[in-house]
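After this come two complexes, each holding chain A, first together with chain B and then together with chain C.
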Partner chain A sequence: MRAVVLPRRRYREARYAYATVLPVVLLVALFTIYPLLFAFVTSLREVVLYRPWSQPFVGLKNYLDVVRSEFFASAWVHTLTFVMGAVPLATVLGFAIAHLLNGRTRLAAWLNVTILLPWAIPTVISGIIWAWIFNSSYGAFNGALYSLGLINSYVPWLSRPRSALLCVLFAHVWKEVPLTSILYLAALQAIPDELYDAARVDGAGGLAILRRVTVPLLIPTTLIIVVYETMVGIVTFDLLYVMTGGGPAGATSLISYYLYNSMFVSYNFGQGAALAVLLAAALVVFILVYMRLLRSEEIYAT
Partner chain B sequence: MRALVASLLVVLMLTVASALGATPVQLTFTVWSYSTDVILDNIKKFEAKYPGIKVSLQDFAWEKYTDVMTARFVGKTPTDLAYSSDHWLQQWAAANWIVPLEDYFPQVKAYKPDFAPYAIEGMTYKGKLYGLPYYADTIIFIYNEDMLKRAGFAKPPATWDEVTRMALAMKEKKIVEYPIMFQFQDITPWYIEVFLSMVYSYKDYQMFDANLNPIFDREGTAAHKVAQWLVDGMRKHKVINPASLETTEIPLVKAMGAGQVAFAVLPKYNLADLNTPGAHAQAGKFKMALMPGETHGTVGFVRFYAMTKMAADRGKAVQDAAWKFLEYFGGKTDGKFVVVKRWALEKGLGFAQLPLYKDPEIRAAINKWGNVSLEEEQAKVARAKEALTPFWGTWSLEFQKEMNRALLGQKSALDALKAAAAKWKEMKK
Partner chain C sequence: MRRARRLGRVLGSLLGLAVAAYILVPFLWVALSSIQPEKELFRVPPNWIPRVLTTDNYRFVFTGQFPAGYEETGIARGRISEKARDALPALRNSTIVAVTVAMANLILGTMAAYTFSRLRFPGAGPLYTFVLASRLLPPMAVAIPYYLIINRLGLLDRYAALILVHSVFTLPFSVWFLTLYFRRVPPDMEEAALVDGCTRPQALLRVVAPMTAPALAATAAFSFMFSYNDFPFALFVTSTIRSQTIPVIVANTAINPDVSFGVVAVTVVLTMLPPLAFAMIFRNYITRGLIAVTTTR
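Presenting the complex of A and B:
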């Protein structure tokens, strides 16, 4: 028998539901929607801080200026290079470490503690530490390589465009791997043992179990990790600000650094806001692409 | 009973009134991190002299200072007094973040005859004085005398060619792999000051014409000579440490103190630190020379105490307290430049307050780690930076990035200057 819901009661319930979510909606509006709209409005004006008396409407000029700038292309090249290195490394290493942590070995207990250390250190502090490690005059990295006879003299790692980007990438992955490991570990522990038992009964070996059971079941977690790491990689700023200041010669200036430069160095908030809007749009595109590629329902179905 | 209640009310009112009257004026003072212990001690003494004023200190790294301050000003984070610098003045003043002291404290004009001309120029925007000097100094050439002697030279270099020749000799004798080092990280504010100091050591030093159009990007200009000398030193002669591109002031001073650098161009106060016994392995071996070049000219710069618009808007009581602070720290207290003198004696900071050069205590203190006569001689040929405009600070970062491209071999010295000139023209529009 179908329950009959009176219109008045339904209205009351709906009113209650809206009233319950209203505070959250207001908070989201205040801290997300308003800043987004404000950034968009700013991006359509010429807002230069040292000319506070004049903020004319300029339409899409800021967008055109940003896209035409030589730094826009180079910053995207650096950013994509960085992301293409950071995302696979953080994902694969996180997966490997999670496997070790999930095993019932002595190493797992030790790793459980040590793996969290990089995560516990604030990014700026880890940036300072890595800048010291890679320092050309007295860095531990040079010291170790020199002691092992691998180099004849200290190498200026942070003064060369390619190695500087690699150093920042290394520090970034070191910082991110604990998070990806823990996410994978949680996912691994949620896989029922019965599935592994059944696979073994069917004669599957270690690799086959990994391919046919573990990896497919970790697809949703992988999607989350890949999306998150891509976003973090694209907006990475503090680490390179501390380690290289975007140098040498802008070689580690990622798109986020370019944005920061426009706003806080050039004081051009109009262009900075335009760049922020473009960056947000790019992030949305990345997320949609990933979601399309890693749709877990379809992968499960195959 | 009524009398008792009335008496209690009177006592209560008096207590509240006295409590309100005793509430000190709170001032927030932002600085870049340098000898914070001395700053705190100065604040303590100031608060003891003026019990009605309390100062809260906030310090930030020098390399990030202007960024942090921009965020504070834009976000309206309470800031009443702040360190500022000649190369940010135009930007900060144009944005209305700091105020002309003359508009609020006309008595500040009386200090002008005491200040070095380059310092006044560096604190003036649209004809008005915006600060009282924290310190003013010159960029100087520092060398390790011991290394120079070991290389067979009795005198410091007088020209940039001599610097190269001596550096090559040191390299050949394996005294040091890279005798010269600079602080050329992309974003360090000292980069442009060091570069300009080298440019100002030439006769035709001008970077801009009378209408502020760049002329430094022409072949054969002083800027071109300096840029080419740097590129050759790093890429051809290999006497300039390639790690210069990641180096900022403190690591450079440490490398020099450790004996890894023979020649450097640095703000003068570093000489005091380098020669402080026990502070560095090579302490005591460092000397200053006049800036090599045709005229030995250099940059004279000023860092100063500024009052923010936020402080001005807080009303008369805060303005009065701010003036007391400004005068105590950058001006005279009981007829003497107390704080400025302390910085000079204890830390070797230079000063804009010219009467201090006659102070025998200061002369003796400078001679312990430096050479007061040479310092005066260098100061005489120091000049303020040209073409300080609201976009100068922004442009200097672009300039630095372009120069580093030349140092990395990505473009020629002249092309780097042309790119920097194009940036200037774009910003000037």
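Presenting the complex of A and C:
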């Protein structure tokens, strides 16, 4: 064995380094390594609440049960429907709002102050507000349609499978748009003015500039937003808890809510863990793509 | 040409107003609901401009005195709305937890990030990557193991449980964000201080911290808001008003269809005040921080 002899100063510096880094590392390690091991081990056993004394090893049975379950398939279908609605909406709206924020009008200055507000409040609170707006006996949305004469009686929007998912989507986009518009705004402001001047000198009109200059330069930001919003859409939970409780008839039971349901309502921990591992695996794919996108583009110099 | 431009400007303003309405009307609607008697809220079609204003709902949440004409719908309903009175202790719980989490991030996060950005020591790279990668786990997947850890530590339904879990979630972001920020600060000044006999902690506190104040403010704001806004974990590791935070109380009150709408509107307004104030005060830091967090590797 070779003794490692560090110079006194180096030794003291290393000791300082570990003393400052280890509190964070140990805390994170406790809450990362144990949950990972736990999820793997549990997913291979039959663990149900009403039989806590026997947890037989069942191999991949939980995984097979989960994948074969029709609820699993429908949860993914709902999740993908939701994501395919939420991502384009949040992206396009963010793009449009960023242009408004970038203006020099009084309205723009005012929007700049208020745009963060939906992002700032707890997601459950925004869910509660939107659930009220769509409420069937006193909701503002029903009230507005009624006042305008578009409906004759209030409609239970949150109790119909299709409109319920739309309502959640509306609330979700409201919460996400501040982030996407701020990201687009930062990207817009990073485009040098000379490019616009050059395009104008060449005789390009507003639309041509938008199509030939702005949009191509915003593609990296758009990719980041799309992948990020996809991940956020997949793990949506809070809104569903307060707006629909996964209903009606499971129509808004997205994958995260389904996971919550199988663990905390059905108390089938083995299947829940298997589901958690599958969800984590699916997300890791997205995260890897996301990291790849960030690495390939050095867009911002904040 | 000029007419087209004016048309464009008008369209832009209209779009801007529509956006402003989309963003603000929900806030307005809740604020107005909180100061109207319940009967008014159930009018079809609604009074778009409130006709009767009252502070009864606020008085109920603060003093427990029922709003006028409230009991007529039954005693059970009173008991359900009684839960809304937990909003005040819950606000206190939320604030204590969120402030502690922000402090933990400022102290532990800053120290760790400074070390990662300046010192070379065996294992620095892997430890840094490990801390960042820990956030790849989806929250819902770790809920039960978290519960078991907290239970084993004997911390169920205590502030410490929430502070631990929220710190675990925010510290990786803070460390990552601050490390990137510290790396951009030229080390000349602190090296001069170190040569003059300053220790590392002193150099961090007296030289680096003042220069990176905006990043520190963003870190504090982010961790405060994450902790204050967190719902699922607060739901899992708390069980009584001893530690339940405001999102849990408001959510569990509001999902009961029998609850008084006006009273819950009050709790919603109270819940939103701290984060909205935070968002306004730290607007610039938060904006910059949001951009950095989502777009930096």
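The working rule: the second predicted complex is superposed on the first by the 244 of 302 C-alpha atoms of A that agree within 3 Å, B and C clash if a C-alpha of one lies under 4 Å from a C-alpha of the other, contacts with A are read in each partner's own complex, and residues count from 1 in each chain.
The rule we apply is simple: a residue touches a chain if its C-beta (ideal position, glycine included) is under 8 Å from a C-beta of that chain, and two chains touch if they have at least 3 such contacts.
Values in this document were obtained by computation on a predicted structure and should not be read as measured data.
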Chain B versus chain C as contact partner of A:82, first or second or both or neither: neither
Which of chain B and chain C A:63 touches, first, second, both or neither: neither
First, second, both or neither for A:28, with chain B first and chain C second: second
Contacts of A:50 with chain B and chain C, given as first, second, both or neither: first
First, second, both or neither for A:95, with chain B first and chain C second: neither
Partner chain(s) touched by A:267 [first = chain B, second = chain C, both, neither]: first
Dominant contact partner of chain A by residue count, chain C or chain B: C
Which of chain B and chain C A:36 touches, first, second, both or neither: second
Partner chain in contact with A:245 - chain B first, chain C second, else both or neither: both
Partner chain(s) touched by A:136 [first = chain B, second = chain C, both, neither]: first
Set of chain A residues, in rising order, touched by both chain B and chain C: 137-138, 154, 241, 245, 264
Parts of chain C lying in touch with chain A, wherever the complex brings them together: 8, 12-13, 15-17, 19-20, 22-27, 29-30, 33, 41-42, 44-46, 48, 108-109, 111-112, 114-116, 119, 121-122, 124, 127, 130-131, 134, 136-146, 148-149, 164-165, 167-168, 171-172, 175, 200, 225, 228-232, 246-247, 250-251, 254-255, 261, 264, 268, 271-272, 275-276, 278-280, 283, 286-288, 290-292, 294-297
Chain A residues within the chain C interface of the complex: 13-14, 16-18, 20-21, 23-25, 27-32, 34-36, 38-39, 42, 96-97, 100, 103, 105, 107-108, 110-111, 113-133, 137-138, 140, 143, 146-147, 154, 174, 177-179, 182-183, 186, 206, 221, 224, 228, 235, 237-238, 241-242, 245, 256, 259-260, 263-264, 269, 272-273, 276-277, 279-280, 283-284, 287, 291, 294-295, 299-300, 302
Of chain A, residues touching chain B in the complex: 49-52, 135-138, 153-154, 156, 158-161, 164, 241, 244-250, 261, 264-267
For the chain B and chain A complex, residues of the former touching the latter: 63-64, 67, 70-71, 74, 90-91, 94-96, 177, 185-188, 241-246, 251, 254-255, 258, 260, 390-391, 393-394, 397, 401-402, 404-405, 407-408, 410
